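Common to both upcoming complexes is subunit A, partnered first by subunit B, then by subunit C.
The block that comes next holds the complex of A and B.
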């Protein structure tokens, strides 16, 4: 999008869970961007990786899960971003010019979990290296290696260049301490179930005060109380002074969610991640909370990433929508465009399967089958087994992400090679 | 499938509830004294006809699930009647209910917890046969049972090789299919579907809903479909009932319901639902506030505190007025009359009490309140509902004492013909309760009576009925006189309750105290009114 500043840029993000039974690929190469002052909706069914995207951004992936590839650039200045992209093109060029043997070696050595560091665990035998089929595009790990080499030659005064080459604005390069100061301050999150996300043994004032004093260094009780009252007023709680003294169990579901939103907004974050913020609520309360979120986004100027399974909710609130399926983003478009012209068969199926109020049909159209097991790797499109329009190529090749009209991306073989006329 | 708006005049309902009521006691303290009741289901009249789906929609906590469970006697009703295929099953013992359960089944919301994780699918589906006997047929019962289970599993779209598996091997949608097969095993006529698709994803939900519809038309089943999702309800139901705080507020055939919703709550509910079409995006202001507690639900129409079109006859109560006055006192300056002269506010039913700082202020505050109510009457229906403001003597009340009562028994109770039936004995406490209701009715029907606007509340207390009376001491005498004449009239008519009344007196308690009291018009709960086209609504706006 020209003229808009990206706030969060996710490139090729992959999150995997290393279980005893095998490797589950929860996120399989996600690309998307959240621009400033924008709300992006992430839609998908249970287990498609919506919430895992949020946890990956905050680097809170639990248990045996690990982020194994990709970058999450957050608040990267324009000049650094341009320089980085330049360097990436250079890396691609350098990789393309290397001989096949060199490519094989590079992939074997540096693309281990895409960290750009040399593989320590196993030394590959020449025969094994010989078996590797290097991809056309430069793998992330190899890029990282090349850029790190480049950064060594740059003068210390070239701060922009070094930042670009070392991926300084990539959240994945941050230390745990740095992450802790980002979470809740620059990026904050509203969790699905406010009943379990709030601590039952502390009052609302205590929990809000904790966040504010930690991130803003305010410790004076009087100032803090004033600040807490302000935040509670912001989320339209009628009697903030009473609510402050209460414990979570004394509040209703809608009130708890308001307190959660107050918690998330208390430090005016640049990015708010709302993970199913209204799923646990009744429709009338849901309408209130959605209105509140929409108004708050308008007044505070933050960006929002809204994760939900409810197509109605994203249609109400979001500017842009990403549809996820089995750990991949299958379609991305502006809200109006997506609902008017759903191009991916999954998106179209999902829209048709949703019973719409006032449009009663005898039979709902159905997507046959169920969500696939994420433990087995997909050669081609993950949707192939449930797709009505699948051809042979769908099972073999992973579809490329194609921009079919400005801002409308689809990953489907029906649309590969059909880029829109006005698209770069 | 036919829309059954006019079913009511033709066929018999398969299931009918009349004034169904389920109260859960709220207990407190060491001795678990009952301090109140949760009004989960409070007088619900529903009927489900053969082959139709009745959709029951409402927010969480409105009692929709309890209705479903009570109909099946999974929860014992505390009042009202349940009629299943023309037979009253409210009172029959649990052992006899078993026979009926064969014909009415339930599918629960959460398939993850409603299937026993240690049973194979075959055992789960066949469990009903173990209790109710094998299915009918000629030949070896084991063989018939197996055949039947195979037929059932195919009916819900699964295959034979699923039968030997355990529930954890299935996805949510498949589990719900198994639960449905179990419900279908005994060839029921009526199935309660309690949020059957809430735990499922959109694409799987569509499969499940289609399956339910197909089975219904094939097997001629009747469904009570309970859900919080109005879009799903609309898709599935022939008729839709909306529930709010234990009451049905609107009931209509689907097309009529969607095209012409009448109750303000229904309208708000419909407009709250986000539509998956950005072109229809709008500011969904919906309803303000939250659902009140079902322990002490609002009087009159239960929706009135949140209703945007409420008017004075909707049941405004003392507590609504107290909340309003507190709000007024908060925004006005501290020298305001409310903040300066008023110590406290309390409410009781349709009355609000204003506790004053000193006795002399009564007239001042009374005048201010009178002026304030008159001025704001047009804007606020709550203030429009005020009928009287006057001083209130806290230490004086009219007490009607009652005796215990013994009535001649009814012949139906005894089996022997010649014997005289035993007399029915009613305790004085019970008599007082009855008397309170009777007097409320008697004084309420006649607003022209001299005491109508004076009586603040009528409450039973032990073996007495206590009247709180508004105004100066003379009013108490008036009230006593009025009560005595009315009781005399009723005694002449041989009203047993009136005959049990011993005396009417003014009782004084310790310490003189003066308050200001505001009486609001007492309102009964709105009843379901037929507005045509099989459309029923419980709202004062549509009173005839």
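The block that comes next holds the complex of A and C.
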């Protein structure tokens, strides 16, 4: 999108769980961008990795899970971003030019580091190498290797260059302390179930006060109380002073979710991640909370990443939609464009299953089959078993992400090579 | 429940204010443990109600013990009189103390006297005709001392160890703590007492074997014997509770707000994880009463427990009854304290 500043840029993000039974690839190379002042919806069935995307951004992937590849650039200045993209192209060139022996070494290194495989791959044919590292899409491991070499030769005065080469704005290069000062302050998150997401033994005021004093350094009681009251008013709580004194169990579900939103917005974050914020609520309350979120996003000018499995919700709130399937983003487009021209068979299936207003359906059309097991590595498209338009190639090659019209990306072999006219 | 008039501050009940709150003045008018929910009047009426409800329970305990003593063959009179006393003398004395009367009459007399605040006189040879209440008052501080230190050991060991274990889940450190707790809990306290005695008193000679002559030193072994088993139990409970709490959404949510790990763990998770441990403090005190009887016997610690065992062997009914009365009160009070503590720490619970 020309003219808009990216706030969060996720490139090739992969998150895996290392279990006794094997490796679960919850996120398999995700790319998307959240621009400033926009709401992006992430849609997909349960278990496709929506929450993991959110937790990965905050670097709070639980348990045996680890982010194994990719970048999460956050609030990267324009000049650094341009320089970094330049350098990435250079890295790609450099990789393409390097000899087969060197490639092998690099790929083995990358394969070892970024795919989480236990052993280094020994013998690789050129075709295998190209499969692991597609020449047009050199992954983080290799790029970072090249850039790190490059950064050493840069003069210290070249701050932009060094920041670009060292991925300084990549959240994955942050220390834990730096991450903590980002969480809740620059990026905050709302959880699905407000009933379990508030600490039951502290009052609303205490929990709000805690965040505000942590990120804004306000410790004075009166000022803090005033601030808490303001934030509660912001989320349209009628009697903030009363609610402040209450414990979570004394509040209704909708009220709790308002408090959660207050907690998330108390430090005016640039990005709000809302993970199914209305799923656990009554239908009437859902609408209220959605309206509230939409209005707050408009007035504060923050960006929002709205995660849901409900297309109706995103249609109402979001500017742009990413459709996820089995740990990958299969289609991304502006809301209107996506509803008008769904290109990926999975998106088309979702939309067909979604009853339109005023339309009566005797039977909901549901996509046949179930979500595949994420423990098994996919050779090709993850949707192949459920897809009615699948061809031979679908089971073998992973479809590339192509931009079929400006801002409309699809990963499907039906569309590979059919990039739109005014797209690079 | 009417609006609060006279709040009992949270830290008054719990002993501590969160450090964080004090340092940063976060303890605003609007938070606090019990404000707005539990008033002093509620508390007092609750306590009175609980105590009234406990009276029948305590009496039942004395009744059962009395019955058991009555049914056991044997007689205090034989112990009081010299071995060559004539059957006539025995009979006379028996009549004098009323031991010839039917069970119900004897128990009725006990109740009648109890209502007047009289626990009767001892009928064992060493303490013949002394007031039971005097005997109890004389022994009570020793038992209280032992239980207090035992409880302190048990919680000051169990809680940190449980938290540590949970934080190091599945590491060798965690495993060794778990093995230790298993052993400590499975060991009968009299055996543990004897082992500790052998090691520290006989073999190393650091601490006195028994009695109270060594001052503070002499309480260490009995208190440890009393506290270790419960410490092991507390450790396990604290560990599982902590692990459970750490899986909760609100802990992840707190992390997502950028709270430092120390606050997430030691303020939020710990406070929530303490709740189940607090609920069993009442039960623990019950166990400690039972444990004290054994430990005092092993270490000849002159408390109520030793008094009770000696009195039982001497068929000293009045003394046994008096002691049981007091020990049963311990259990009831323990439960009461735990209920109140729990209600003040967990805002979801109301007294009543």
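What we mean here is this: the second predicted complex is superposed on the first by the 394 of 424 C-alpha atoms of A that agree within 3 Å, B and C clash if a C-alpha of one lies under 4 Å from a C-alpha of the other, contacts with A are read in each partner's own complex, and residues count from 1 in each chain.
Simple rule for what comes next: a contact is a pair of C-beta atoms (placed from the backbone, for glycine too) under 8 Å apart; a residue touches a chain by one contact, two chains touch by 3 or more.
Source: prediction; values computed, not measured.
Q: Once the structures are superposed on A, label A:350 by its partner contacts, choosing first (subunit B), second (subunit C), both or neither.
A: A:350 contacts subunit B only, not subunit C.
Q: Check the residue A:367 against both partner chains and state whether it touches subunit B (first), subunit C (second), both, or neither.
A: In the superposed model, A:367 contacts subunit B only, not subunit C.
Q: Check whether A:202 is in contact with subunit B, with subunit C, with both or with neither, and answer first, second, both or neither.
A: second
Q: If we overlay the two complexes on their shared chain A, which of subunit B and subunit C does A:98 touch? Say first, second, both or neither.
A: A:98 sits against neither subunit B nor subunit C.
Q: Go through the superposed model and pick first if A:252 touches only subunit B, second if only subunit C, both, or neither.
A: After superposition on chain A, A:252 lies in contact with subunit B alone.
Q: Once the shared chain is lined up, is A:58 touching subunit B (first), subunit C (second), both, or neither of them?
A: Second partner only, subunit C.
Q: Taking the superposition on A as described, I'd like to know which of subunit B and subunit C A:211 touches: first, second, both or neither.
A: second
Q: Output check: A:405 vs subunit B and subunit C. Expected answer is one of first, second, both, neither. What do you get?
A: The answer is neither, since A:405 touches no partner chain.
Q: For subunit A, which residues belong to both interfaces, subunit B and subunit C?
A: none
Q: Over in the complex, which subunit A residues touch subunit C? Could you list them?
A: Within the complex, subunit A contacts subunit C at residues 58, 60, 62, 180-185, 188-189, 191, 193, 196-203, 205-206, 209-211, 213-215, 219-221, 224-225, 228, 241, 244-245, 247, 249, 260, 263.
Q: Write out the stretch or stretches of subunit A touching subunit B in their complex.
A: So the residues of subunit A in touch with subunit B come to 45-46, 252, 254-255, 282-288, 290-291, 309-316, 335-336, 339, 349-351, 353-358, 360-368, 370-371.
Q: Which residues of subunit B touch subunit A in the complex?
A: Listed in rising order, the residues are 59-60, 171-174, 201-207, 209-210, 213, 228, 230-232, 234-235, 254-255, 258, 268-281, 283-288, 290-291.
Q: Which residues, counting only subunit C, touch subunit A once they are in their complex?
A: So the residues of subunit C touching subunit A come out as 24-32, 35-36, 248-250, 252-260, 263, 268, 271-272, 275, 345-348.
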